[in-house]
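Heads up, the next two complexes both have chain A, just with different partners, chain B and then chain C.
Entry: the complex of A and B
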């Protein structure tokens, strides 16, 4: 789900940067409000590396290959740090590996970063539902993990379908976009299951990381 | 005396006939080669994972008009596509492979600076080293911000 250079028209690319700039500004403003803004930088740094590595591990789902996004996990674990972390990771992916591109860095940040924000807010509002229950935590993990990737696929799909250049075979490209989007459905479920197990594990070994200090009940 | 003169004339006449018809004789055993420089460029479009970009749309832009496609087509199931460029249009040709919003561009120099082969992307070893460098940088950042202050 990394849109490369030369695929989207200039207006969409500029709009992507505008939205990303706004989201980054909101994120940094909220980070600065914290008592110690540097406190979570180590966590953000490690998760940025994990996000980068995850993009290199491909899962073959014919006719395409896809990879874990981890943006839901980033959102929950990093909160307002998630969006800047995603921008940094996407920058390295574009410059080093050619995943995405520099002109589409803004739009790719929107595709992966905005769902991370949404996951963060859903998780924060579901803490009273979880109440330290492992099963409920897993359920929330499944929802936020799967939803984040699902929303990313949806944004990716809507942008691409609506901005196909006229000089290519529009019907064939639309068909290809539908195929790719449908191919992500199994990955949405895999991402949800992975997030659920990770949340349960982190709650057990490092509950502070999850923003939950109470002990896990069975 | 007359006999010698006659013999000389016969020899000269024979040589004249041989010289006259020699191209025909030579032509009967000759051969020729014609050639047409009809070189084509074969492209192979692949994903980073190494899988071919099956049925990817290929758009070729000539150097004189980088905004209008010079030709368009589709790769086969193995991601292969061939085209014969107009060699009179020297300069940088741009070829884009695209499938479902994914794709890549490659620039090919055609003319005096033309190269026989080229590619974009990196080997898995290069990627591994780059990924390890970034991960190490991130770990270093994490360690820097978790250091104890004296």
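Entry: the complex of A and C
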């Protein structure tokens, strides 16, 4: 789900940086409202490193194995730190592994970061629905994880097919978006199920990480 | 995986002051991203490869970095050759190779190669700490600078934890063969988050005792010499020349 360097025209690259800059500004503004804004930096950074490592885990979907995006859970665990964390993760993925790119860092941050923001707001507003129920928590996890990846896939293909500097046939373009989006539905479901299990595990083992303290009933 | 394993070489690019190097190479990188004329692609490839040669970095390092993104890109470029609209050059069975698709693929491939080469030079010729300090001096917000430093510091440690956990699990007979193993993989991922969270609390306490979070002024003490400015001016001159040539060719 990373757009590599050189694929998109310069104007789209700059637009990506503009949107990312705005989202980062909103995040930093909210972080700076805290009494000690640097207090949560070690937690956010070490979790960012953990996300970077976790994104390397292969999930087997025979006959292939896939990597998870985890942007939904990033939004939930890191809140306003999620967008800076995604920018930093993408920066490291670009320079360490060659996934994505530096000129496309802005556009890739939009692809993964905006759905993370949405996940954060969905999760925050669903706490009263969960009410300590394990099944409901899993359901929220499924929605948050699946929706974040689904939105990322949609933004990714829309950008790629609309802005790639090639004279692609309109019918082929529509078919490409449709086919590629459909092909990603199993991944969206897997990401949702994985996030649901992850939510239940974290609630059981370290509820503070999810901003919850109450016990979950079985 | 280390970015800066060749950062202690003694070349003109390695000795380029990091702040000035970031401005110079990033200007070139973004200029390359704006190139939309195929005629300029050979020039940007030559410029980037010349910078790479000047840096003295081994070519095996460049090829190892190109392998993963190159794979994704080749698939996409091959697809573009066939799904583009335009003049049919020749047919490969039921598939038609289009001229416009081929030209677009060359444009994208050339830009990708040039940009990635310069990125490798930028981050491979200064230590990571030097680059973060330079970015901080150039206006990177303190929250980003701190987060980048910590993330880089702990990434390798957490990677080792994951590797140990995977090894232990496989010794106990766990083999992730299908989707039924999802709950176990989710628990393994969760364990990484929980351990990292606990570690972050200990790290924060240790850092607070050592004065972290206090207001402090940041100063970058590295000096900028005339040769650094000369290299920057060369990079800016190439960028300007490329932009003017592109505008001329388009008109």
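Just so we're on the same page, the second predicted complex is superposed on the first by the 187 of 218 C-alpha atoms of A that agree within 3 Å, B and C clash if a C-alpha of one lies under 4 Å from a C-alpha of the other, contacts with A are read in each partner's own complex, and residues count from 1 in each chain.
The working rule: a contact is a pair of C-beta atoms (placed from the backbone, for glycine too) under 8 Å apart; a residue touches a chain by one contact, two chains touch by 3 or more.
Everything numeric in this text was worked out from a predicted model, so none of it was measured.
Of the two partner chains placed by the overlay, chain B and chain C both lie in contact with A:53. Once chain A of one complex is fitted onto chain A of the other, the partner contacts of A:41 extend to both chain B and chain C. By the touch criterion stated above, A:91 is placed in contact with chain C alone, chain B being left untouched.
Contact with neither chain B nor chain C is seen for A:82 once the two complexes are overlaid on the shared chain. Look at A:99: by the touch rule set out above, it reaches both chain B and chain C. Of the two partner chains placed by superposition, only chain C is touched by A:206; chain B is not. By the touch criterion stated above, A:7 is placed in contact with chain B and with chain C alike. When the two structures are aligned on the shared chain, A:193 is found in touch with chain C, with no touch to chain B.
Of the two partner chains, neither chain B nor chain C is touched by A:112. More residues of chain A are touched by C (comparison of chain B with chain C). Within chain A, the residues touching chain B in one complex and chain C in the other are 4-7, 38, 41-43, 45-46, 48-49, 52-53, 56, 58, 60, 65, 92, 96-99, 167-169, 172, 176. Residue ranges on chain A touching chain B, taken from their complex, read 2-7, 38, 41-43, 45-46, 48-49, 52-53, 56, 58, 60, 63-65, 92, 96-99, 156, 160, 167-169, 172-173, 176-177, 179-180.
Residues 47-49, 51, 54-55, 57, 59, 68-69, 72, 74, 96, 98-105, 120-122, 127, 130-131, 134-135, 138-139, 141-143, 145-146 of chain B are the ones touching chain A in the complex.
Interface residues of chain A, counted against chain C in their complex, comprise 4-10, 13, 28, 31, 36-39, 41-50, 52-54, 56-62, 65, 70, 77, 81, 84-85, 87-89, 91-92, 94-103, 164-169, 172, 176, 190, 193-194, 197-198, 201-202, 205-206, 208-209.
Per the touch definition, chain C reaches chain A in the complex via residues 1, 3, 26, 29-30, 32-34, 36, 65-69, 72-73, 76, 80, 83-86, 100-101, 104-105, 107-116, 119, 123, 141-144, 146-155, 157-159, 161-162, 176-179, 181-183, 185-194, 196-201, 203-204, 207, 212-213.
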